Structure formats: C-alpha cells, structure tokens
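Given below, in the form of structure tokens, are the structures.
In the two complexes that follow, chain A is the common piece, with chain B as its partner first and chain C second.
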Partner chain A sequence: MAKGFLPCGTYHQDYLHDHAWWQTKFVKGKMILLGIILFFVIPHLDPYWVGVANMIGYTILGALGVDLLIGFTGQITLGHAAFIAVGAYTSTLLVLEFPWPHAFIHMGIAYPISIIVGAIVAGLWSVLWGLPSAKVKGFYLILTTMAAQFVTVNFIITQYVAKIGGRGQAFSLPPGTIKFGPWVMDNPIRVYYLMVILVLLCIAIVANLLRSKPGRAWMAIRDNDIAAETLGINVVLYKLLSFFVAGFIAGIAGAFWISNLAAISPEHFPWSWSLWLVGVILIGGTGSIHGTIFGSMFMVLVMEFLQMGILPLADIYPQLLDKFFFIKESTFGLAICVFLIFEPNGLSYRWWQLKNYFNLWPFSY
Partner chain B sequence: MNQVDLFFMTLTTGLMVGGIYALIALGWVIIYKCSGVLNLAMGELTIIGAYVTLTFYQMGVPFVLAVVISLIIGLILGILTERVFLDRLIGEPILTVIMVTVGLSFFFRGLVEFIWGTDTKVFTPPVFPLKPIKIGFLVVGSVYLWSFITAIVLLLILVGFFQYTRWGLAMQATADDEMAAISLGVSARFVYAAAWAIAFMAAGVGGSLLGNINGLNISVSYLGLLVLPAVVLGGLNSIPGAIVGGLVIGVLQNFAGAYLSQYFPGGVKQIFPFVFMVVFLLFKPYGLWGWERIERV
Partner chain C sequence: MAETMKEGDELLKVENIHMSFGKVAALSGVSFKVRKGEIHSIIGPNGAGKTVMMNCINGLYRPQRGNIIYKGQKINHLKPYQRAKLGISRTFQKIELFSGMTVLDNIRLGRHIHMKTGILSGALYVGKTSREEIEHRAYIEEEIIDLLEIESIRDKIVGMLPYGLQKRVELGRALALDPELLILDEPLAGLNLEEVEDMARFILDVNEEERWRVTCILVEHDMGVVMDLSDSVTVLNFGEMIADGTPEEIQSNPEVIKAYLGAEDLYVSRA
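Up next, the complex of A and B:
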C-alpha cells in the first residue's frame, strides 16, 4: 500500500526525511498524545478494562510475528501458537526450575532474563520449522507450519514438557514468583505497564527492520521470490531470518503472558489460537503494522461487546452463558469470511482512506 | 499375541481406517481439482455429517436412512456454502481463499458445539455388532470391516460417477481446463457447487463411520484433518492419489501407534502422519501423482 498523501506544503528532499517515523510536527504531537493516553489514562480505567487492554496487547504481540511472516515475507503460517507456547514454557521453566542465585530472585531479574531466553529459544524453534520454506511454499508451507503446531503443542509440550517436575498437566505459577525488578506482577495495572513497554519495543524493532535492508529483502521475497533471487537476495537466509524474528516476538508474547496467568497449560495454545492470530491480521489488513493493532483491538473489543450483549440475555436463557465460547468462535469465523469477501484490504485500508481524506480536506481536488 | 499376528492386525486395521480417510480425502481432492480451493474446513464438514447422522439415529431412524438424510443435508449445506461464501472468491489470492475456509471451519465448529455440545456421544444402540469378525487368522472389529466396505463401495461409485456420467465428465473437463470447459457450454458455477456438495457428502459419510469407532466429539474433526497428509502424499490433484494416500496414512498411523509408542509414549499415533508429511514434502513436494508446476518470472 502506498504511503498516504502528505499535508499541503510538505515535501521530502532526502530519503532520511522520507523514511522518518514522524514526518511532521502534527504527527509528533499525535504520538505524544498517544503516549500520554497509553501511560497515564488507560491505567486509571476500571481494572477490568485494563485486563482487556492486556489481552489486546498479547494479541498484538502474537499477531505482529504472524504479520511479519504473512504480510511482509509472504510465508503463510498457521502454527504460530506453537512458538508462543515455546516462549511461555521456556520462561516458566526457567523461573520455576532454574537454580537462580538468591540475589537474582531478590532483585527480580530472573523473569526479565527468562523473557529474553524464551524469545531466543522460540526464535530458534521457529527457524527449525521454517527450514522447509527453503524448498516448499504456498499451501505446502501451510501444512508444515500446521505440523509445527501439532508436533510442538499437542505432542512435545503436552507429553513431555508439561510433565517436568511432576506437576501434572498445568504448571501453577505461585503468586510472587513472577517478579520484574522490584515489582511483583500481581495486578493488571503492573502487567499493563510491562505489556505497553514490550509492545512498543517490538513494534519499534519490527518497524526499523522493515525500513532497512532485511525489510526490503522480505518484501521482495513476498512479491516474487524468483525475481528476488535473481536480484541477488539470499532468499533462504532472509526467509529464515523472518522466521526467527517472528518466533522471537512470539516468544516474548508467550513469556509476557505468563505474568497474567495463575497457571499455564497446553490448552492455552491451541491450533485455533494460531488461526485466530491469522484472522486478526486479515481483519486488520495484512502487511501493515497498524493493521495488526487495529485488528487486535477490533477482535478483542468485538468479543467483549458480544459478551456484554449476551450477559443480560443470560437471565432469560441460562444455557447461553455456557455456550458463549461457541458463539464467539462462530462470530469470529463469520467475521473473517465477511472481511475477506467485502473488505479484503482490512481495517488499515479504511484508516488510510480516512487519513488521506482529512489530509487534503476540504479541497481534495 | 506374537509379532506376526500383531503386524497383520495393525496392517488390516490401518487399511480399514485408511479406507475412511480415503473417502474424505477424495472429497477434498474433488474440491481442489474442480475449483482450486484448498479446503481447511474438511474436519468440520466431517463432524457436521456425523452429528446429523447421530441425531437422526438416536431418534430411531435406521442407520442407513440416517446416513441418507445426512447426505441430503450435506448436499444442501455444500451448495449453500459454495454459493454464499466461495462463489465470490474465484480468482482471489490463495491466502484469501484458504482463510475463508478457515473462517468457515470456525463458524461450523462453533455451530456444531452450540447445537450438540462438547461431550462425547456414542451411537446407542451400537450400529455394528461389538463382536469382532474372524477372517482366516485375522481378527477384525466389525466396525472397521463394515466401514471399510462402505468406504470402498462409495469410492467406486464416485470414481464411476467421474468416469461415466455426464456431470462427472463436465467436472473433469472443468478441472482440466476451465476456459475450454466454459466455452463448450459447461456451467462452471454448477461444477463448483457440485464439487462442494460431493465433498460435504463424502465427508459426512466418513464422519458417520469414524463416529462409530470411538464415539463422536469435537476431536473427530482432527481425524478429518488427517486428509491433508493423505492428499499431500498422493498429490493434490490426483484422485487415485487421494485413495492411495488415505490408505497409506491409515496404515502408517496404526503402525506408529503399535511400534513407536513404546519409545515415545503419548500421542505419537496422532502426530506421526504430520511428521511423515513434513519429511515427505521435503523430498517430493508434488506428491506421488500430483502435477508439477514450474514457475517462471
């Protein structure tokens, strides 16, 4: 998608300016406003809505990697939940089982280290499952990523990893174990701050990668991999790099999410979660970072409103409450279909149109 | 039980389950051949048919009649699905079409769980006698045997339909060259609808048979997903390939369950077809009989 039109009187005179993040003072002001809302307004909302914001952040972190693979490198993946699970389990095991020196636990750096290690392990695991992409693509690659999901979550994690330490299926995370520096992650607001920082960091990493050499190589591969190869791009290397970065962010997502959970089990990372993430980027618009954000917000908020709409009805039809999850699944499926059929460019395209409209408003001709 | 007996038992059970997989895989290949849609909702199509059959069977309808009713409902649903969702997507990129089928699978799954719940349901009274049947020195559960026979009969009917009837030939022509078929007066839209209807019906029968083996719950849809390794093995657009692939996957799965699970306890039986598929893809990405596509810039 082309960049939007610039406001009147703004001309780029060099590439540095053209690729700048914040191109006008107005944009800078908007971003500062967004920062104020993120850091000072949302935490003071009702804790329930802060929890919803955490869910949105988790979805953004998960979907960002999927968008990198599908939207920017053209490698369709339907097994991303596997890498989120790897990150979450690595981090949990490190925090619970690793013989940390007491000073480390006291200072609360066990969890931050485990996030980084979890992200790296998830990235390497993702590269392993990305290896077939050197040889196959399109539908066949979809199948191998599906296999990644089933082998990782349904087999390795369920049968082996989840049994480490003899805790049974679910690892409980006792209150107080997840500690980030001096802060114990025990209420949604602290989790929220961690989430905002991680999301901003990951978006910054991805956005910077996309406007540098790897990003251009990824987009070339997406548009036509054979042509990219003739241009001298090392296709396999950049595909694997893309898998690594996507897995890395998935690992961060998983390691972050354990701070919000009281127990972790393989059921948190089903195949439908992988599909859900792909649906989120399709609804938001593939190949754009703000599409990922809009898609996550849209899906999580629609589900929240659906729940709010159904709760009053539950007095009349009590079974409706038990069956809410199924309604949610059906609605999500329909939403994907409707968006793909009627709005294939996603929400970010509408946003782009809206922005352009107001950039040239009121004399657009 | 000695080793030889175990080997042959595993082989026959595998072949018989494989017959059902072959039937579902055939439905998948028909959709792909005729309309180019790579369908990830096959698992859900399987359970819809199975649950419809179960519902009517519980109401006292004889099993065969229940299957026929499920076939009719499958036909209607197949045509509806094609008309409402997939008809608008002809010529769209592959990801779009695949994700619409994923959306459909979410939609159908939610619907099935909403209507029938998530508890395992069993066909009561059992459709097939519980007593195993002896053929020579082999002992086979009668469910497996009857499922296999049904699947083979249906496979033969479908293959005959494609080879000898007017509609079947029209579908083959569309699969071969859509433009040429349209210019000769074949209605491509009719062919697409027919392909989805056939896939729905084949998956429904397959699901009804699978539901008889271990009871019916949402995880039967996972068995429906096993068609993917099967069609990859046979080649995406090959009807004989789907049949062979289904049988091979059934056999491999049972061998993995019998021989590998002592080394890797747990669900190796469920996972093995997918591992096999990944390794197979690395060496023969177009399957045994699939068409190789050569790409140029």
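Up next, the complex of A and C:
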C-alpha cells in the first residue's frame, strides 16, 4: 500500500522516526481528537445512536479479519461468519456452562477469559478451514470457505451446539450473566466502551503485524507467491497464520457481540453476514485498515438512514415493512456494484487523496 | 561443514538432471559443478533449457531424475523457501517483483529469513520487533541501497519505475538474503548500454568484494559480458550440455560455434 506523503518540510532524522506510527504533531493532534470523540462524545449521544456505533464496531471487527485474508493475504473467504459464530458460542458456553469458582463470577473474570478462549478456538477452527489454501486458490477456495460456513453454522452449531443443555434453538443470556470486571453488560453505553477497547486493540494488532515480518510476508504472498517462496517465505505457514489471526479476531467479534444480545441463535450468523463483510471491504477498499473502518461506517449508517426513511412511509405502504429485508439486501448489492464501477479503490482511496491534499497544501506540487 | 568451505571448493553440483514437460524434454542429463567464489555462466540458444535448469536449482521445479547437491548435501526434496534459507537466492528472467510495493518494502522482504518476529511479538510491536525493524533498515540502507545507488527511489512504487531500475531492485532484493549462491537469470536482458555496464559492475562487485564474495550462476545471452565476467561456462543446447569449460575453451569449441551458427545475429556481442 502506498504511504501517504508527509506534510511539506517534514523529513526524518533517523530510521526509528521513519518507522513510527504517528510521525508528526499534527497526526498526534488528530489522534487525540479522535480519542476525545470516541470516549467522551459518542457515549453521550442518544442510546439509539450508541447502539448504532456498537453495530459499526461489530462490523469492523468482522471485516478486519476478512480484509486480512482477502485484502492483505489474497485468500478469498466467504465463510467468515462461521468463525464469528464459533467465538460467540465458545464464549457463551464458557460463561453459562463452565463450573467457574464463585469468586470468578463475582469478580467478572469469566466473560473476559471466555473472550480470549473464544478467540483462540475460532482462530484454530479458521486454520483448519484454511488448510485447503495450501493446495487451492481463487474459486476453489471460495467453495471451501463456504463449506466452513455451512458445516459450522448450519450443521454443527444448529444441530448439536445449540441443543446443549436441552435447549431448543436459542441460548438465552439472562441479565447479569455477561459481566466484565465490575461492569454488568446491561446497557449500550457499557457495551460501547467494551467495543471501543476491543476495536482499538484489534486494529493495533493488525496494524503492527502489517508493519513487521508477518504482515510483509502476507502481502508478498498476495502479490506474487512464487517470488515470496523464493525469498524464503514459507507460503503455506504464513497463509495459515493469516487464517489464524483472522479467525482470532472473528472470535473476539463473536464473543463481544453476545454482550449486546439477550439470546444467541444460529440465525445471528447467516451466510449473508459473511457476504456482507466482504461487501464492506469492497466498498471501503481492500487491503486498507482505513477502508475496513470507512466501509463498516458507511454500510451500517446507510442501512440506518434507509430504515429511518422507510419507517415513516410504512404508515402509507405497510408492505414496505415486510419487504425491508429485501430492500436492505438490494441496496447493499447496488452499493457494491456502484463502488466496483465508479470507485474501485474504495472509500479509503478518497481518504488518502484528501489527506495528501491537505498535507501538501498549500504547495501541492 | 558449511561454514568452513574454502574458495574453489565445490559449492553446487548438478548431476544428470532430466526434466520434461509432457513430451517436451527440457533437460536431458545435464551435469555441471559450480565452485565457491566463481561466476559460472550458463549459455545457450533460446529454449535450450537454461531457465528450467535455474528453476530446478532453486526448487521451483522438481526434476524427474538427477541430483542437486549443495554444499555436499542433497537438496532435491527441499522446497524453494528451504533452499533460500540455505543461502540460495535468485532473480528472474521475467521480473518478479512485488510491483505494488515500494522499493524499500521489496528489499525488506529479502530480509525475511534473517528476521525473527513472530505473530505475537509482531502484534505487540514491542522493543524487540521495533529494534529488529530498525536494524534491518540500517542494513538495507548501508549494504544494499548504497551499493546499488538507488537512494533516490527507495520510497517509489516499484511498478512505476523504468525497466532498468526494476532489474536493479530485483538484484537488491536477492542480495538482501545475504546469499552464498546467487542465480541471475538474464540480468542484462532489455537494458541499455549504460545500464548493462552498471549491472555488470554490480555483479562483479558482489562477486569480488570481501564483504560479499557471492558465488554467481549467470544466465546470459550477451557473449561479451559472459566472456568478460565468467570463470567458467556451461553451454546448453536443446536440453543437453554440449560444452563446459573456461571462457577461452568455450569460444574455440567447434560444437558451440555450430550450435550458435545461424542464430548468430541474435547474439551480437556488445563488448
């Protein structure tokens, strides 16, 4: 990915500086502003909008793994919701069924531990389904990752996992069971804080990996696997590592999302959600963390506005409400088409242009 | 053992290699030796099997018969990435750079085998990883970029560079592995006169300078440069080895002259 230009008159004194994340005071200032918005402004919005922010965060966590695989490693996946489901169910089962010592439940440690375990289990499950990538590429990989979706969610979870403890379909998460330290996850604001921390953490993990050995190896495999192999990169190993990290973050996404739900069931993780996440990175721009963030914000907000536009009309045309699902899916499809035709580099590319424009201003030569 | 090899010892031995694609026999029974410290050229008309031979040495192809022995060890079964770790590096006839990345990132990828950062330390980017990145950056700047005189393009996207510079970056990336054996598949093809001179000088530098002392296998059509640079030459024709010896011996070998006759105009010497 191209590096942005630095503001006029800035150059680096040493390599350490050149490798730093936030290279100028201006960037530091922007980050502080972002921090203030994230931690002090958004939580005070109407809880409805905090809920929307939570949805955006959940989408970012899911899309981050998809972008890691598709955008950075070049491994197409259409079954990512499966690993989110694995994280969610692992976490739920641990919290509800594991014989935790009372002190643990009391101190609210059970849920945090279950997030980590959920992430690891989802990561390993993802590696398992990534194994075919050692042999196949492109279209065939699409099929094997789709198999991950159907085998995991539609078969294993629906038929067996969802029935653990004699339950019918859904696992209800009684109020008070999801407790993170002293905080019971019972309102959108608390869920929001957890979301922000997890999203920032995962973005930091991915960004750090991308600027060190593993990330470079992934991008090398994406761009030219033959050259990568001759440089000493164990292509199969690094593909699997990418599947692991993507699954790991999916697991965090799933485990996080249960804090926002009163009950979970396999319907929360349909195949369409896997497709949706791919659409998000296409719209945001593949191979860019900014793209993942912008794509998630864009898609979630467009759907919100669509819903807000349609609800008042529903008084006049009641059937609109029944059809909302279809309207949503078609809008999504349309948005992807429009972006692929008119903005193939995604939103992140516009952002990059805008940023360079302002950085180089007023001497944009 | 490996580290105690002396100049002139046998670094690579290729024994009776047979490789065919369906009915096309690309190599039939090729054998030759490369001694440590030398520049060993492989020449031959188009389609002679030179690139296939390089792919066999580097592990991209598995020959149906024969042995590749590197530092006295049979490496037939090793994958390309394992051979890279043993010190075998290469450039390609048709440039295989990461064209969307910067020059610096391409060369950084050449340092892959010398870096230790794993998933966990990379994710945290703690002291060790950060230090490693800086160390390798310094290495690249001081050893590679300086040598190849590409300071001014280090942050450029490789795909945007002119062909001659891309060839140079590819050499830089191959050198970043700090290889013991460097395979150069037509490094001069498509370069202009000045670029040919530069590239020939770089090859000689990495072969002769105390710091590098890299053994080279050079596949080239430019006879002038081949005869100038090489310590020994192997000639292939239709997948068979027709001659092997010093440049002088090759130049006066009637078989070689015959093989090249008729295609003479294709191999105009620039010397």
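FYI, the second predicted complex is superposed on the first by the 361 of 365 C-alpha atoms of A that agree within 3 Å, B and C clash if a C-alpha of one lies under 4 Å from a C-alpha of the other, contacts with A are read in each partner's own complex, and residues count from 1 in each chain.
In this text, a residue touches a chain if its C-beta (ideal position, glycine included) is under 8 Å from a C-beta of that chain, and two chains touch if they have at least 3 such contacts.
Quantities reported herein were computed from a predicted structural model and do not represent experimental measurements.
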With everything superposed onto chain A, say whether chain B and chain C fit together or clash. fit
Measure off the angle at the C-alpha centre of chain A toward the C-alpha centres of chain B and chain C in the combined model, and quote it in steps of 10°. 80
May I ask you to name which of chain B and chain C touches more residues of chain A? B
Could you say whether A:P214 touches chain B, chain C, both of them, or neither, answering first, second, both or neither? second
Could you tell me if A:V235 is touching chain B, chain C, both of them or neither one (first, second, both, neither)? second
For A:N224, using the defined touch cut-off, is the partner it touches chain B, chain C, both, or neither? Pick first, second, both or neither. both
Is A:V245 touching anything from chain B or chain C once the two structures are fitted on A? First, second, both or neither. second
Can A:E267 be said to touch chain B (first), chain C (second), both, or neither? neither
Could you tell me if A:G279 is touching chain B, chain C, both of them or neither one (first, second, both, neither)? first
Touch test for A:I205: chain B only (first), chain C only (second), both, or neither? second
Look at the superposition and give the distance in whole angstrom between the closest pair of CA atoms, one from chain B and one from chain C. 6
I'd like to check the shared interface: which positions of chain A are touched by both chain B and chain C across the two complexes? 224, 226-227, 230
Which residues of chain C touch chain A in the complex? 58, 60, 79-81, 84-85, 89-90, 92, 96-102, 105, 108-110, 112-113, 115-119, 121-125, 129-130, 132-134, 137-138, 141, 155, 157, 173, 177
Chain B-facing residues of chain A, complex: 70, 76, 78, 132, 135-136, 138-140, 142-144, 146-147, 150-151, 154-155, 158-160, 224, 226-227, 230, 272, 275, 278-279, 282, 286, 323, 325-337, 340-341, 344
Can you list the chain B residues touching chain A in their complex? 38, 40, 85, 88-89, 92, 94-96, 98-100, 102-111, 113-114, 225, 228-229, 232, 236, 264-268, 270-271, 274-275, 277-278, 281-282, 285, 295-297
Chain A residues within the chain C interface of the complex: 1-3, 15-16, 18-19, 205, 208-209, 211-217, 219-220, 223-224, 226-235, 241, 244-245
